[in-house]
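Each of the next two complexes has chain A plus one other chain: chain B in the first, chain C in the second.
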Partner chain A sequence: MNRLKTVGYHVSMGLVSFLWIAPILWVIVISFRSFDDVAANGLGSLPHSFTLSTYKQAWEDADEFRALINSLLVTIPAVLLSLGLASMAAYGLARYNIPFRRTVLLLMLMGNLLPPQILLIPISRFVELIGYYDTLIALIAVHVGFGLGFYTFVLHGFMRDLPREIQEAATIDGAGPGKIYASVILPLTRPAMAALGALSFTWIFNDLLWSITVIRSGEKMPVTPALLGLQGLFVSSWNVIAAGTVIAAVPTVAVFLRFQKHFVGGLAIGAVK
Partner chain B sequence: MTGLAADRRTFLKGLGVLGAAALVPGCATTAPSPGSGASSGATGELSLQSNLSAQQAKGAMEKLVAAYNKTGGAQVKLNTVASEIYRTQLPTYLTSANPPDVYTWYAGSVADSYAKKGLLLDVSSVWEGLGNYPKAMQTLSTSSNGEKIFVPTSYYWWGMFYRKSNFAKWGVTPPKTWEEFLAVCKTIQSKGVPPIGIGLGDTPWVASAWFDYLNIRINGAPFHRDLLAGRGRFDDPKVKAVFTKWQEALPYFDPKGKSFPFQEATSALLGGKTGMFLIGTFFADSAPKDALDDIDFFQFPIIDPAVPVAEEAPTDGYFASKKAKDPEGVKKFMTWLATAEAQEIYVQSSSGTAIPANPDGKSADTPLVKKGKAMIEGAAELTQFFNRDSSDALQPTADAALTKFLDKPDQIDKILKDWQAAAQKVFNA
Partner chain C sequence: MTSTAASTVTRRPWKVSPLILVFVFVPFVVEAVWVFWPALQGFWLALTRWDGLSAPTFVGLGNFRDMVSDPIFRTALKNTAIWLVLFGGLSVAGGFGMALLLQRERRGVGIYRAALFTPVVFSLVVTALIWRVFYQPDGLVDSILRGVGLGDFIRPWLADPDTALYAVILPALWRQIGYVMVLYLAGLKAVDPALYEAAKMDHASAWQRTLYVTIPQLKGVNAVVLSVIVIDSLRSFDIVWSMTKGGPYHSSELLSTYMYSTAFQSTQLGYASAIAVVIFFLALAVILGYLIRAFKEES
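Now for the complex of A and B:
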């Protein structure tokens, strides 16, 4: 009976995971098919061909290398900056009796409830006004600005629960607020930071909306709009798009694998108080 | 197992190093000098914003720009943006403080809507040398206050496409009139094949071709244009006549066509799973090369012989921003784009079904293109396409109405009433 249960569990869970992974497998299979095969047999059919030229095409036509570099040039500074600033803000708000700290925190959270779409035009105009339109700096600034509220909120919740005694001990040892932040609080916040880092990396890397709002030149576009560029006006080579998508997924998958442990740990952290 | 894990770690470390390496030069390259946009006016460079992002068309544009840059004068810098992004961002480009100079876009109503807002450069002086262009092109390129604002460079056509070998197999010949057309549909259906292919999933605008053609065949092009410009009503009995005619052909539509986009519908046509397909020539880009020789088309059947024959010939070309920093340089470039020589460079290296707008320009020398060109030249009137004759804002109202009609053909009156209400909102906006 027990054995039957185990078998049933594994079979059903296997099916569920297959459902989950099937679209990804489908994309990978399409990425290896030739254009004529896709055009003649349709996207849904079983592959009749095998080619690696789609990857070469995606790499060259979409200029994916430059696009990936652009993406990393935006993502890495944006993640570091927003997490750095958010952790400082959260430290101040969580560990010190700053007047109106609840209001500040609520204000930050409220900003997150605002749908970003209504801010597209104002931001595009503002960025133009200060002369940073069509630069990666603008994109980094936008991502930092938008991430800050949420990251601060999450880190605040985490830092608030750190034992007060640790900070008191550090104060007795003569550490100032800066020292406490750098040598005590920050190391303790590492799991939450890693989880948020992986999350924000994925968000920023996968963003399309902001990049097309503040960037106009093809050669400055990150990887997501570059992939859109593979789509023609009417006709699209889905096999090449699939190949480009697979390539573009590599950095996020790599980051996720690296921080996987923290990610799951970080998620569970707030759960038990 | 441990070896594998170690490998993964090294791989990830490598990636980390790569990322860090990317970060260092990033500090240098992304530091902007405030005010430096994509288009740098000071260097005497013209910026050309292009939505032709498909591989072939992009290559053709690069060749075109390279050819112009060799003629001397202001150098043109091509900036290609994904067509989907371009479509949504074009108003932003045009209204920005430092807009690109020249843009690829469509002739007719869509261009005029920007001209009405005072965003486009008057290029009447370019047209002084274009006396050989057909009158229809001139009208399309003129704004509502009489300025020439557009330079057409190429057009394509719509037709009822089919595979010659399949028509031979089914023993049918291309019909000329609506009755013949319905008879052909009936024969094909008796062979167990859905006669009329369509692809509306993701690309619902394809249905507008049917509306456009039925309307210009039954009510004529002037009525159609007035209707789309807001000078008519969609609940007019004349519009209802379009739908009652359409109902006669509805049983022959591929029932699967609602679920896939037109590109898949092309595959269905080529695979012999549908008989015919009303589509623009751009579909040929998604056909395998070996199937191309087997493709032919016929003119959308004539319904009322008394109505002057009109055809859909969407015209592509260029307009320029009013804020262009070097208007003379822009006009010089656009004058060159209007030459037969420039249009041939583009047509030859792009997908090959586009026809140069300049009557002296040579199109691709295939029977298909010759036939298409002859059909357009023989037409008494030309229309563009639903969205080009109206606006991108009106297109979704048509998509909603036509999709609903294909689902529930018996509710025409209600659908047309809803359509009129939705269109009214767009026209009032």
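Now for the complex of A and C:
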């Protein structure tokens, strides 16, 4: 009876898991099919061909290569800057009695909870006004500004829970606040930083809304919004679109696989608190 | 000497090293420039009529009055409500169910969890394209329906006003369920196993244990999940924009997509800001709840 239950469990969970990733597998299969095969047999049929030219088309003709570079040019600085600034703010707010510290912390968190729609028009205008419309720098700034509040809040929670003796010991050794931040507090916050880093990488890399708000020209688009352009470029060449989709998904999947533990831990940070 | 110096830092609150003030001030200013100030402008613009070229003219609550008689706004509002209930409700139900099924560490569970979690890693644009391929005429959905003899049901899923909204919700759910599952898995791990033992001693069935032990113990997680779901629902934009752009005939329009097209396609910037303010007020209750929880935690 128990045995039967176990078998039933694995069969049904196996089926659910398979159905869950089936759409992904199907798109990967389509990305290797030739145009003639898709035209003749339809998207719903099993493959009758194998080609890599779809990837070549997406990579070169649609210039996904440049789009990927743009994505990295935005994502990496934005992640580093927002985590750097957030950890500084969190350190000050968590370890020192700064006037209005609680108000500042909650204000910063509130900024992140705002629906981005309220900011779209003023930000696109502001970016135009300072002459940075249609630049990657503007996109980096928007991501840093909007993400800061949440990262500060999470890191503050971590730093607050570190024992105060460590800081006292460092003070006795003659370390100033800057030194304590860099060589005592930051190393101890590494797990939280790694979790937030993995999370924010995917968030920023996957962004669509801010990109299409502050960037206009095609050659500056990061890969996520550029994918939408691919649809217009290769109307009904679903095999090329599938290849483009696979390419665009690879970086976040890679980050996820590399930082799997941190990633899932990061998502759960909010839940356990 | 130095140890008294350390304790004076805490006793005399206003005397903080200037470096620390800079540490807090710089990020705060960055956020003020990119979030607080634009947000205030957004609220102000909602009270104006503005085409982006001439100066905005103040119209008071005129934009909000216009909404009442705007059929597209009403559709968008209704669809946002449907989205909240279906996308929100089903992802909580699905995510919680899967977390219950996958909470016990046993062979294979890691693989099942990974499978359900995989879509979370993808961008919503990637998700949208994966499912667009699926929904294409003669795509897999149609082939399967034909295969099981339901060929009559086949329709242009994303181009039919009756099905477009639901055809977009499905991929959004596919991605969200794994996310909610992870939140609940973390919450379940924190439940004291002794409680289950006690309930077992009292001959509580598995169903009763879930109902009377697990669910009450997950209060904190539920609050977080609820906030995440409501905020995510109201923010949902990418998936709709990539699949239908709110069409056909606004049948899959959400407040967020309507706001975007009003702002950047028909450049009614005042009216678009007013829609954004409506989104803000819909989210306000949840935002306040979240902040109050955060505030309590701090004190």
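The working rule: the second predicted complex is superposed on the first by the 238 of 273 C-alpha atoms of A that agree within 3 Å, B and C clash if a C-alpha of one lies under 4 Å from a C-alpha of the other, contacts with A are read in each partner's own complex, and residues count from 1 in each chain.
In this text, a contact is a pair of C-beta atoms (placed from the backbone, for glycine too) under 8 Å apart; a residue touches a chain by one contact, two chains touch by 3 or more.
The structure presented is a predicted model; accordingly, all values stated were derived computationally and were not measured.
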What does the overlay on chain A give for chain B and chain C, a clash or a fit?
clash
Please work out whether A:210 is in contact with chain B alone, chain C alone, both, or neither, and reply first, second, both or neither.
neither
Go through the superposed model and pick first if A:201 touches only chain B, second if only chain C, both, or neither.
neither
Should A:231 be classified as contacting the first partner (chain B), the second (chain C), both, or neither?
both
Give one of first, second, both or neither to describe whether A:72 is in contact with chain B, with chain C, with both, or with none.
first
So in the superposed three-chain picture, is A:158 touching just chain B, just chain C, both, or none of them (first/second/both/neither)?
neither
Applying the touch criterion given at the start, work out whether A:42 contacts chain B, chain C, both or neither, answering first, second, both or neither.
both
In the superposed arrangement, which partner chain does A:17 touch: chain B (first), chain C (second), both, or neither?
second
Of chain B and chain C, which one contacts the greater number of residues in chain A?
C
Considering only the listed stretches 43-51, 115-123 or 151-159 of chain C, which one runs into chain B in the superposition?
151-159
On chain A, the footprints of chain B and chain C overlap at residues 42-43, 121, 124, 213, 225, 228, 231, 238
Considering only the defined contacts, which chain A positions touch chain B in the complex?
35-36, 38-43, 57, 61, 69, 72-73, 76-77, 121, 124, 128-137, 140, 212-213, 216-219, 221, 225-226, 228-238, 251, 254, 257-258
So in the complex, which bits of chain C are touching chain A?
2-3, 5-6, 9-10, 13-14, 16-17, 19-21, 23-24, 26-28, 30-31, 33-39, 41-43, 45, 52, 101-102, 108, 111-112, 115-126, 129-134, 136, 138-144, 174, 178-179, 182-187, 190, 220-221, 224-225, 228, 231, 234-235, 237-238, 241-242, 255-256, 259-260, 263-264, 269, 272-273, 275-277, 279-280, 283, 287, 290-291, 294-295, 297-299
Contacts from chain B onto chain A in the complex sit at residues 8, 11-12, 15-16, 19-20, 22-23, 26, 29-32, 34-38, 49, 51-55, 57-58, 79-85, 88-89, 92-93, 96-98, 100, 262-264, 266-268, 270-271, 280, 282-283, 285-291
Within the complex, which stretch of chain A touches chain C?
9-10, 13-14, 16-18, 20-21, 23-24, 26-27, 30, 42-45, 85-86, 88-89, 91-93, 96-99, 101-102, 104-126, 141-142, 144-146, 148-149, 152-153, 157, 167-168, 171-172, 174, 176-178, 181, 202, 205-209, 213, 224-225, 227-228, 231, 238, 241-242, 244-245, 248-249, 252-253, 256, 264, 267-268, 270-273
